[in-house]
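Shared between the two complexes below is subunit A, which has subunit B as its partner in the first and subunit C in the second.
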Partner chain A sequence: MLRASRLVLAHFWVAFVAFLGAAVLGEWQMIVRSPLSTWINNPEHYYRSVTAHGTVMGYVMPTLLAMGFGYAITELALKRPLIGLRWAWAGFGLVLAGTAMAATTVALGQASVLYTFYPPMIASPFYYLGVVLVVVGSWVWVALMAINLRAWKRDNPGAAVPLAMYGNCAGAFLWAWTSLGAAIEILVLILPASLGWTDTINAGLARVLFSWTLHAIVYFWLMPCYIAFYAIVPRAIGSRLYSDTMGRIAFALFLVFSMPIGIHHLFADPEVGAGFKFVHAAMTAMVSLPTLLTVFTIVASVEIVARLRGGKGAFGWVRALPWRNPMMLALTFSFLMLGLGGAGGLINMSYQMNETVHNTQWVTGHFHLIFGGAIVIMYFMVAYDLWPTLTGCAPLPAAQVKTQLWLWFVGMLVLTLPWHLVGLMGMPRRMAYYDYSDPAIASQGSLVVASAAGGLLVVVSAALFVWILARASLPARRRAGAVEPYTFSRAVHEGARVPVALNGFGLWIGMMIALTVVNYGVPIIQLASLKQASVPVIPIGAR
Partner chain B sequence: MEDRRLLSWRNPWFKASVLGLLAVIAASFLAGFVWLPSATSDFSASGAWASICRAAGVPTQWGGNGTIDMTGVASTGVVLDRSMARAGTDDAIGRGATLALGCTTCHGAQGMSTSDAPNLAGQYPEVVIKQLRDFRSGRRDSPIMQGLAKGLSDANISDLAAYYGYLPKSRRAPTTYADALPAVVRVGAPLRNIAPCVACHGGIDQKLGAPWLEGMPRPYLIAQLKNFQAGDRHNDSHGQMRNMARAMTGDEIEAVATFYARKASR
Partner chain C sequence: MNVSAPEGSRSEAVAIAAERRWAIVVGGVLLLLVAMMVVTGLHWAAMPPSRVETVDVKTLHIAGEFIESNLGTAVGADGKVTVRLIAQQYSFQPQCLVVPVDMPVMFRATSTDAIHGFIIGTTNVNTMLVPGFVSTFTTSFHKTGEALMPCHEYCGTGHEAMWAHVQVLSAADFFAKSRGVERLSCVAR
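Now for the complex of A and B:
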């Protein structure tokens, strides 16, 4: 068992319990704005719920999962105790305190600004301080990952960093740099206004700084999922990883390209120049590269086991895949949702096509499909896969796990595909109710009901997930003998030479920072130096 | 692990990555700042450098003789600011009470009108400040009020706002959320882009600059909504109230006015 298993379990449990609560809130939102329910009497309650749902799903849950998984990887991949265990607990405490602080403020109706903040709307300072604590707690994790990697490299000169740790550190460094935008936005622009020190705020600059974080954060969410693709899936289905190098290249490309592309969220923003919007759109297209590399490598990796099991022909091998294995099922679901969501994402990132879907329910459908669908389903698998090592339980019941995965997959598709469709029909996002009695949108009612039904399946699946983990954690479920040592995937060509560039991060971090300066430097300096860009703040819940 | 220096042009990974990134940057900037703007006449009208500046989002007045066309009538000259909403000092209230002696004929001795002029007792200070400044600058039309406001300084206006904000409201209880409220007050009309009254005027949220409406004279409310609807009143910034009133039916205007004018019986 891991030395840090209690630490990892603490992160996972808080993440998953918060996740279940936020999933229930999400379903409530689906129902109250569908024709199934009369119009919500107080839309403020709806926005309060949206703020809580987004804050948990966007900041708290993925951050805790990445942190917990990161600590587990550090011990399991480097095969040595985690350095800085006490600091890690302190970081966890900060995240916990921040979550409690933000959640209380949201529940009191003092922070219904949605998790994207939307200045010049200004919430109570406790909400922002809570978010800052969560981020600072995660920075402790980033520092610990760097320290552990450095110490390991010092003790193992010339050895190749295990791929899982390489991906884990790529995610940590990406997060450190990407969280800086929102952190500066909060500390320099929002908090002074929220504390009453200033009565105006440079909303355009705040939006640009938030976009710095807003898009790259999805790649931070995605990292644990990709680590699972490369370092867990091939081993779990009895195969080998087709190429270790390809994995490293994918992680390096994410580091360079996921950061300086966030202005594609501001295509409709008149304060940002069209040239920069185009550049960010073009660079967003570059991020599809590491995903395409990953899909190729992982499909090649699963083909290996299919052929070993007697699969033949150009496509006939697909039938020979280990379909009874929950990991195989989850990977397939994840790729299907990644494909659909990725195709939709190409529309969002295109400067022109974006106009047709901007701020419609299409966008909400899109990020639920790709994050809630493709990524979170792999979070489940990370937890299932680590659980026996963390708790000493017997392997989890495959039938229940597969039921949970099917429910999630079907639920997600039924939830998000109609959601995309009503977006194409023009339904705006972020509204608490719609007048379905009007003939102009009456036909959208049934699609919204379908989405709400899909959401119900998703909530059942989320509850089943937590139940499976809780049941396995009971003392009675402990396995008598020793738990088999945890392993990560082995590459086909094990021990191949790793180029120095792909064994560290110096080059990629340098390129990441340089590209950020090129893509964000002018818009930030320009907006910061515009005197007339400041607008009066709109305090929320103040009267 | 390969033993080669990372940051060296001899390292093929370094060379390919840096050159590749530079090529991607150059290609996307050329397309975004030169090629695409050249295809659009309003970008390329003033030459290549101006078109690059424009694509970068540089404000027009930064480029030498560029001037901004500021002609056209702004709806209001007042930018609402949180500082306007703060309660006045005792001195300000006292000075305001003296100044308010000139307002009593229409607005009542204690800010409660008996002549269908708006009640000012308990009105939010920033509302009084904004309206008086708009009367003074002629952005809000009223032969009587424009004449009276002309003689007021900014300090006078703040004092008046402090005094009226200090007086007790006609109805202390704000609108609370209930199914019985008229539909436009409670939920607006989403497809006509009418936001619920309670989203700004208290009930769900009280937005800066949105007046306290409870207990206002019904004829005054109807007149203002109709003036907004017709565009005769136009001192609402960004047409906030004109956009609401324009889509309202006559019955809805009546219902809203009746609702807010109701006495403190409940």
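Now for the complex of A and C:
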């Protein structure tokens, strides 16, 4: 068993319980704004719920998962105890305290600004301080990942960093740099206004700073999923990884191209000019590169086991894949949702087509499909895969796991596809109420109901997930003998020399910072120097 | 060992060749995507809002382009149609816009308080309104009739009530209505 297993389990449990709660809130929102419900008495309750749902799903759950998974990888891949266990607990404590502080403030109705903040609306300072604590707690994790990597490299000169640890550290460094945008927005612009030190705020500048974090955070959410693709899936289905180097290239490219693209969220905004909008659009095309490489490498990796099992022909091998294996099922679902969501993403990032869908329900459908669908389904697999090592339980019951995965996949599609459609019909997002008696909106009603039904399947699946893990954690489920040692995938060509650049991060972090400075420096300086851009703040909640 | 080494390097060469082919395909896809954006940008002149123009929120109501009497649809001496509007918690002003079909219409809009935005029906008219900045874009409508114009960015507790209307009229109807009227709108008086 892991030395840090209690630490990892603490992270996972808080993440998953918060996740289940937020999923229930999400479904409540779906029902409240559908034709199934009449006019909501107090629309503020709806926005309160959206704020809580977004804060948990966007900041708390994925951060805790990445942290817990990162600590587990450090011990399992480097095969030595985690350095700084006490610091890790301190970081966890900060995240926990921040979550509690933000959640309480939101529940009291003092912070219904949604998790994207939207200044000049200003919430209670306790909400922002809570979010800052979550982020600072995660920075402790980033520092520990860097320290552990360094110590291991010092003790193993010239050895290749295990791929899982390489991806884990890429995710940590990506997060450190991407969280900076929102951190600056909160510390420099929002908190002074929230504490009453100033009564104006530069809303345009705040939006640009937030966009720095807003898009790259998606790749921080994605990293544990990609680590699972490369380092867990091939082993779990009895195959080998087609190329270890491709994995490293993909992780390194995410570092470089995640940040300098966030202004594609601001195509319809007046505070950024056409030039930088176009540069960010072109760079966004580049960030599909690591995903396209990953799809190739992982499909090639699963093809290996299919051929070993007697699969033949150009496509006939697909039938010979180990379909009874939950990991194979999850990977397939994840890729299908990644494909659909990715295609939608290409539409969003297109400089022109974005105008058709910007801020409609299409966008909500898009990120629920790609994050909630493709990525979170791999979070489930990470937990299922690690659980025997973490708790000493027997492997989890495959039938239950597969039921949970099917529910999630079908639920997500039924949830998000109608959502995309109503978006194309012009339905704006984040509204507590729609007047379905209006003939222009009436036709959207049945699609919204279908979507809410999909949401129900998703909530049932989330509950089943937590139940499976909780049941396996019972002392009675503990396996008598020793649990087999945990392993990561092995590459087909093991022991190949890893290029120096792909065994460290110096070059990639340098490019990441340089590209961000080039693509964000000018817009930020220009906006900060605009006098008229400072506008009066609007306090939210009874203050 | 001696036997497996050449075999290993041969299969590795196969893998590298496959990866290289795929890299070329991926590179081609990316180039095509960017080329499409460039071509549609230049050839169709299809561009998102492109200029950065500021406006003082504190004097918006009392001076300049966005005073109440100047809001609505204006037909210039040169026949150009301009719609000016403002967004505020939780309405647009004017709440009902009138535009002609199949003619370029320039929109100039801003917000007096929070961040707002709007989309018109199923058209591509879609913009953000950020206080302190003027959003400008030119579009044309291809179907007559009435369309909804909701605020599409969360702007506070009354956000869900913030809907305006747009009437798209035939050119003849539009110019008949606008004759002798400084600023046209379809707000019931």
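What we mean here is this: the second predicted complex is superposed on the first by the 541 of 543 C-alpha atoms of A that agree within 3 Å, B and C clash if a C-alpha of one lies under 4 Å from a C-alpha of the other, contacts with A are read in each partner's own complex, and residues count from 1 in each chain.
Everything that follows uses one rule, which is that contacts are C-beta pairs under 8 Å (C-beta built on N, C-alpha and C of every residue); 3 or more make two chains touch, one makes a residue touch a chain.
Bear in mind the structure is a predicted one, so any value in this text is a computation, not a measurement.
When the two complexes are overlaid on subunit A, subunit B and subunit C occupy overlapping space and clash. Contact with both subunit B and subunit C is seen for A:440 once the two complexes are overlaid on the shared chain. Shared-chain residue A:278: touches subunit B and subunit C both. Note on subunit A: of its two partners subunit C and subunit B, the one contacting more of its residues is C. In the superposed model, A:303 makes contact with neither subunit B nor subunit C.
Once the two complexes are laid over each other on the shared chain, residue contacts for A:114 go to subunit C alone; subunit B is not touched.
Of the two partner chains, subunit B and subunit C are each touched by A:43. In the superposed model, A:430 lies in contact with subunit C only, and not with subunit B. In the three-chain superposition, subunit B clashes with subunit C only at 55-63, the remaining stretches of 19-27, 55-63 or 127-135 being clear.
Common to the subunit B-facing and subunit C-facing surfaces of subunit A are residues 43-44, 271-274, 277-278, 282, 286, 431, 433-434, 438, 440-441, 526, 530, 536, 538, 540.
Note for the complex: subunit B touches subunit A at residues 1-7, 11, 13-14, 17-18, 21, 24-25, 27-29, 31-33, 36-37, 43, 52, 54-59, 79-83, 177-179, 186-187, 189-191, 196, 199, 202, 204-208.
Residue ranges on subunit C touching subunit A, taken from their complex, read 8, 11-12, 15, 18-19, 22-23, 26, 29-30, 33-34, 36-37, 40-41, 44, 46-58, 89, 110, 113-115, 117, 119-122, 124-136, 147-148, 150-161.
Subunit A meets subunit B in the complex at residues 39, 41-44, 158-160, 196, 199-200, 256, 271-279, 282-283, 286, 431, 433-435, 438, 440-441, 497-504, 506-507, 511, 514-515, 518, 522-523, 526, 530, 536-543. Residues 43-44, 46-47, 50, 112, 114, 118, 120-121, 202-204, 207, 242-243, 246, 266-274, 277-278, 281-282, 285-286, 288-289, 292-293, 296-297, 300, 346, 350-352, 354-356, 358-360, 424-426, 428-434, 438, 440-441, 492-493, 496, 526, 530-536, 538, 540 of subunit A are the ones touching subunit C in the complex.
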